[in-house]
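By written order: A, B, C, D, E, F, G and H. Residues from 1 in each chain.
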């Protein structure tokens, strides 16, 4: 191997990368239930047996409802834990996600989307954007949503997710899809990071419900319940402040040749890769096209889009759905320029040619 | 009793009105699980025993997950059925709702909101707007969302819901809140409508999976599964067309003195009642303030708001949340005029004075 | 064995007047007061002029709200 | 009782070559063909030159894919 | 509707009734609301709900109005009927100037002190004990209320009861009417 | 990196391999991808997944490129390796003009007819039977591919195998190398 | 006498049941699901219930059962078939309502729905295909996977400490007051298939007679999940599954 | 000797356990929850486990248990406490992990989580407060509500046809391979309270000794839900509940 250290470059499915990155980044636990197209996450962990090496706990739960509540409790006690699932499985987690958000419990959900609604198809889809970004749990809350566009990012975002979930006491969702979950690419896996010791947890998570340090402190309680409405409102306002800060600090996106762009494509994940083909082709043809790829879907790169909205002649949003993120694009652009949409759904993925054609049609 | 026929005017809680309207409108079944602040729906049905009169089935399910799947099957077989729940209970229904939407199964969910996230508080809240309007189930789908603002509307919308769910083979959500669920008001209950006979069901729901008419027809199958992505996409496109038609035909809202309004308050449900106090007060003070009360939250009165956006100096959205519907208002207004927000959350409800003050601040 | 003498102290503001201690006491030494505490409950009171209480702790054991402290000593 | 004669017809395009019928036949009259059907399966075939088959239906009963039709008649 | 109209015209009366759970606070509110309906008024009845009322206080906001009722949840009231000290402590400051406070002396240790509201006392608990019928307690209170805030007639109350009560309890109506009238008698102005 | 670079410069090769489940289609794709990695190329491997492959066809799209790979899912291919009739029927029209089709005659009843692509036949099934080792079937195919589309060297394949296979199977590598070389020998151009 | 003399329409004694259509089944070769489908098709036909039956498919390999039997079907969400059946039983009391569920569907994610429907005594039949694995998703551990058995998610064999114990849902069902008939059967041999059919018939009859809930477990094979040939799978089942899940009626109220 | 001679710190023989703080409990007068809280507080104290315990609260009247006992607590979603406990058991293997759940929480919405945690043999203790009703939400029917018993959702009494049968979760628990100790106790009398405490102690000890899962059911009262005085509630329980839910150990593996 040339450029890279041969030891570390491997060919992995996105789902496998998630699993291997999990124990390398020192995750404490995985709880999950099989569902296509992400079962390889649990299967890879089962084969690699990290419980014998890093001590990571791996448990096949009885359902997605159980999984998310295991993640809830694990996070409550200061552990770094995760689950993974796909569309209907994630739907079942909504109550648990809302509980986690309500308590400020760190945890990761890897959502490998297929085409919906209902059972739909198991082919790749991005129609779970609303599910991840707007939730479906009750109440005012947000999850930090990361959208990887490559197997490498599947691995890397496991590290980012760990950092963010503890920094903000937030639920992180890695919103992927069947294509990125199932495809293999080269990936450089991270070096092993040790799991945190009890002492580190005690110091870094003084709020955690694990008994450590008692009776030298008040007992820790992890609850989202507050019967007293004025007190509950204060909790909500504190959450709002946290969310506002996250929106300030954690927006991530990739801007490709947007500086001089007359037209910009907005796409994330697998659609971004596809759209990029079309953008490159048009650039070669001399059209000033750029691409904005949101990496965090929440917080959403609103400011960047506001700016592009003022600069561009038109924006095209491409999704493997009937149009979900496009609403956020429209909201950010607020009429500054037309926002078009191209999407495929039900397990179909837009093709580079389709995106090219759509862009050409807009340009004319 | 004067204006009304004395027989029919009663004093009822919103939740009781839902229950009594259900069997009067000829609903076939209720499946539900207790949760504050809506347990009176099931309790009222248990007391009134409609199974002995109209034949309506009433069943306390083992959970909200079971409830929604009972509604799913009942609707699949052509029956008019419903459930009711509150915030975290509705979160648990998201998979089932997505399945219903995916199959085009008629059914009603009454969602009586409290303050969230998580367990939150049991006091009234409107922070489940996203949950109802954007779902949390997987895939591209919509539910028709009705927002009653009085006990009378709780009763009336039961009739409307029945009509809409069969007209469109759609999931209808009545999005109420703890205040409207718990408060008593005068209400005129509808006259008894008989439940449909088997023969009527056979004729009106030829798609229903109940065996009726076999072997004279192809067997009916109710499924959201379609492994073949191109076929699944066609199903999605057909759903999109249906949704577009619903957006054309079913938008409902109440416009109060908006014709000449310089300022408009947008609010639904309990917040609309409260905001109306403030609007009336300002009108008396000579300020040209109006109110738009969306009755359907989906489809959302976008056109009406576009128009008002062009006409007004500013729009104020009032919600008992940290701001959820306001996004849809912004999306519709698309920068035509400033959109402000006032909200209380966590079980707190905005007061007329607060809304008045906020409006005054905007006007200055 | 020397005879035991007991006495109890009821946290009357905490007491909810459930009466379970009055039933549990083998000597029926506890009564609910006719007056109410701040929360509106007729709280429990030991009526034991003859020091019949043996400090058996039954009342404390059954009290759901942990309102009763029992003291016991050998009769002098 | 008169002796029964049977014969089977295999829907070879439907057959998946699972071989369960070959095991179930008490007289081992069914074999999988060396050639494959369109789907690529070595389908089942009755090899019964001596008309040993009694039409007992065992093969049809066990066939998971309902590929076997059994005919039976009394020996003439 | 002039033939039946009573003395409050174009009125809106915003009432809070608050006491311990089990004192009949909610059903008293309901009877008031029903009486309002008999006058063809708009009414709303909004309880404090949920488990926090367990053993604690119960309260209900009742609004009777000639106009559409906007908010059923209020921050201030025309009239407060308070049956114990915590309720008085909480709601005394929330009565509008010129408003009314009615309390039952049994549950009240420190009576209301505000000078800008009219304060009435009614010994309903005592009276109910005298009548050896705890059930009429809230009817006595209601009578007191109607005396000082004639938002409905006794007739309305009786008609309302007829609607509110299941047929099998209609035999209790005369006793209740009696209690309402008694309540009108025993209420006393305190300031 | 000129010292090791082989004949395709600034190349992108988009390959579909399709056959029955169990024919080693997926792992063949993986070995090609690994060989690409050895050349420090970008690679992607995208299978058709899910239960519909049960008993049906399996296929995988492999892309080897000097550039970043945008879409791992393709509508047309440079090269198609097809191992049965349904696969040929499905993918023959999707090969780009000037592209390559490689088929194994065992599974193919009607061979490819397109004139604007180069068609190769390799009797890998037969050869594997001759070597009495069904496991080398896909290595033979791989050899054939490398012969006509030299996207990687045999050396790369061997190094790739070393990475792809668990240590305990490294003893099989020589046999596989042998099969690759054999595959290079037996592939025949058909048009 | 020649084959041609025998193969005449009037001599037909066995074949695909008339309720089962031509659609080729998606199951792997030798899969037990197919056999059970046939039994069910025959019974509905024999009992003349085509227009009075509602079948409920699971999420699992049998998700497509609705393609093969010409009756009306509802496809339930994973594990929720018993909730669906409960609703249908109450709304269509004269109908035969049955669910068809795998071990993952019935005994894992659907544990609550299964137990509560049975304990409510819903007049339904649950057909429970126990193949000790998640067939559809590619061979993961099921609640019924045997100790030591290897699956995709316990590749070194099921261990109590890591994975807990196999769950005996049928035994639990038999203890519930709401169940009328609970039986465990298999479909590996002609005799077993005939017995299984008798059991399902009794269950259907009970359902129609409103005697309460009925559950028939079918100990089944999954050659793909087990990575065995269909023939070997039957053998493995007889050797390993049947001792652990012994056949017979566990409860018969009648 | 006077009262004053007796009431001295050194003579104190019973009182509120030290782990139970001053916060007044929100329970109704006479509620069994309070008694069980005291037992649990005493045991954690006696076993010296304050810094090695994680308690898991249910959704139910005991939702606020976390306010009263000075240990670390996780408030679970309705029914999911056993899933929470499973995660915590595996991540904190040296800790005492226990759940405290009502009948609705454990035996209705949480049926699957309860059965699977127990059957996995998680080294946890489940304390199951069976008051045959939904206390918190205002007295609706629970899975354990007795036949004929009146609740807000079966106001004319529980009937099999409409509401199904009471569910015996503890009996099911005893049949599961993963459970080490399963017991049914009550807290209506001093003797029962002492026995209940012994049972919970054994369960705690088993959990720490990694012997498997433990479940202690407490047959309890809910005077508010039952609309009885606390004293009458105890009587009703003894007369009606105990015959149906008899006390004693159902399983003891040790």
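Note that a contact is a pair of C-beta atoms (placed from the backbone, for glycine too) under 8 Å apart; a residue touches a chain by one contact, two chains touch by 3 or more.
Keep in mind the model is a prediction, meaning the values are calculated, not measured.
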Moving only between chains that touch, what is the shortest number of steps from subunit A to subunit D? 2
Please identify which chain has its centre, taken as the mean of its CA atoms, farthest from the centre of subunit B. D
Highest-count interface - the chain pair sharing the most C-beta contacts: A-B
Distance between the CA centroids of subunit C and subunit F (whole Å) is 87
Length of the line joining the C-alpha centres of subunit D and subunit H, rounded to whole Å: 62
Rounded Å distance between subunit A and subunit F, as computed from the means of their C-alpha atoms: 34
In whole angstrom, how far does the Cα centroid of subunit G sit from the Cα centroid of subunit H? 37
Shared-interface residues of subunit F (touching two or more other chains) are 50-52, 55
When you check subunit C against every other chain, which residues touch at least two of them? 16
Give the residues of subunit A that touch two or more other chains, as numbers and ranges in rising order. 36, 59, 62-63, 65, 88, 95, 99, 103, 118-119, 122-123, 223-225, 227-228
Subunit B partner, complex, touching residues on subunit G are 50-54, 56-57, 63-64, 66-67, 69-77, 80, 83-88, 90-92, 95, 112-113, 116
Once bound in the complex, which stretches of subunit G touch subunit D? 1-3, 5-8, 11-17, 20, 24-25, 27-35, 38, 187, 189-190, 193-194, 223, 229-231, 234
Subunit G residues touching subunit A - in the complex, by the definition given at the top: 59, 63, 75, 77-79, 104, 108-109, 111, 134, 137-138, 140-141, 143, 152-156, 162-163
Touching residues (chain side subunit H, partner subunit G) in the complex: 108-112, 115-116, 119-121, 143, 160-161, 163-168, 171-172, 175-178
Show me the residue ranges of subunit A that touch subunit H in the complex, using the header's touch definition. 28-29, 31, 57, 59, 61-63, 65-67, 69-74, 76-77, 79, 81, 95-96, 99, 103, 208-215, 218-225
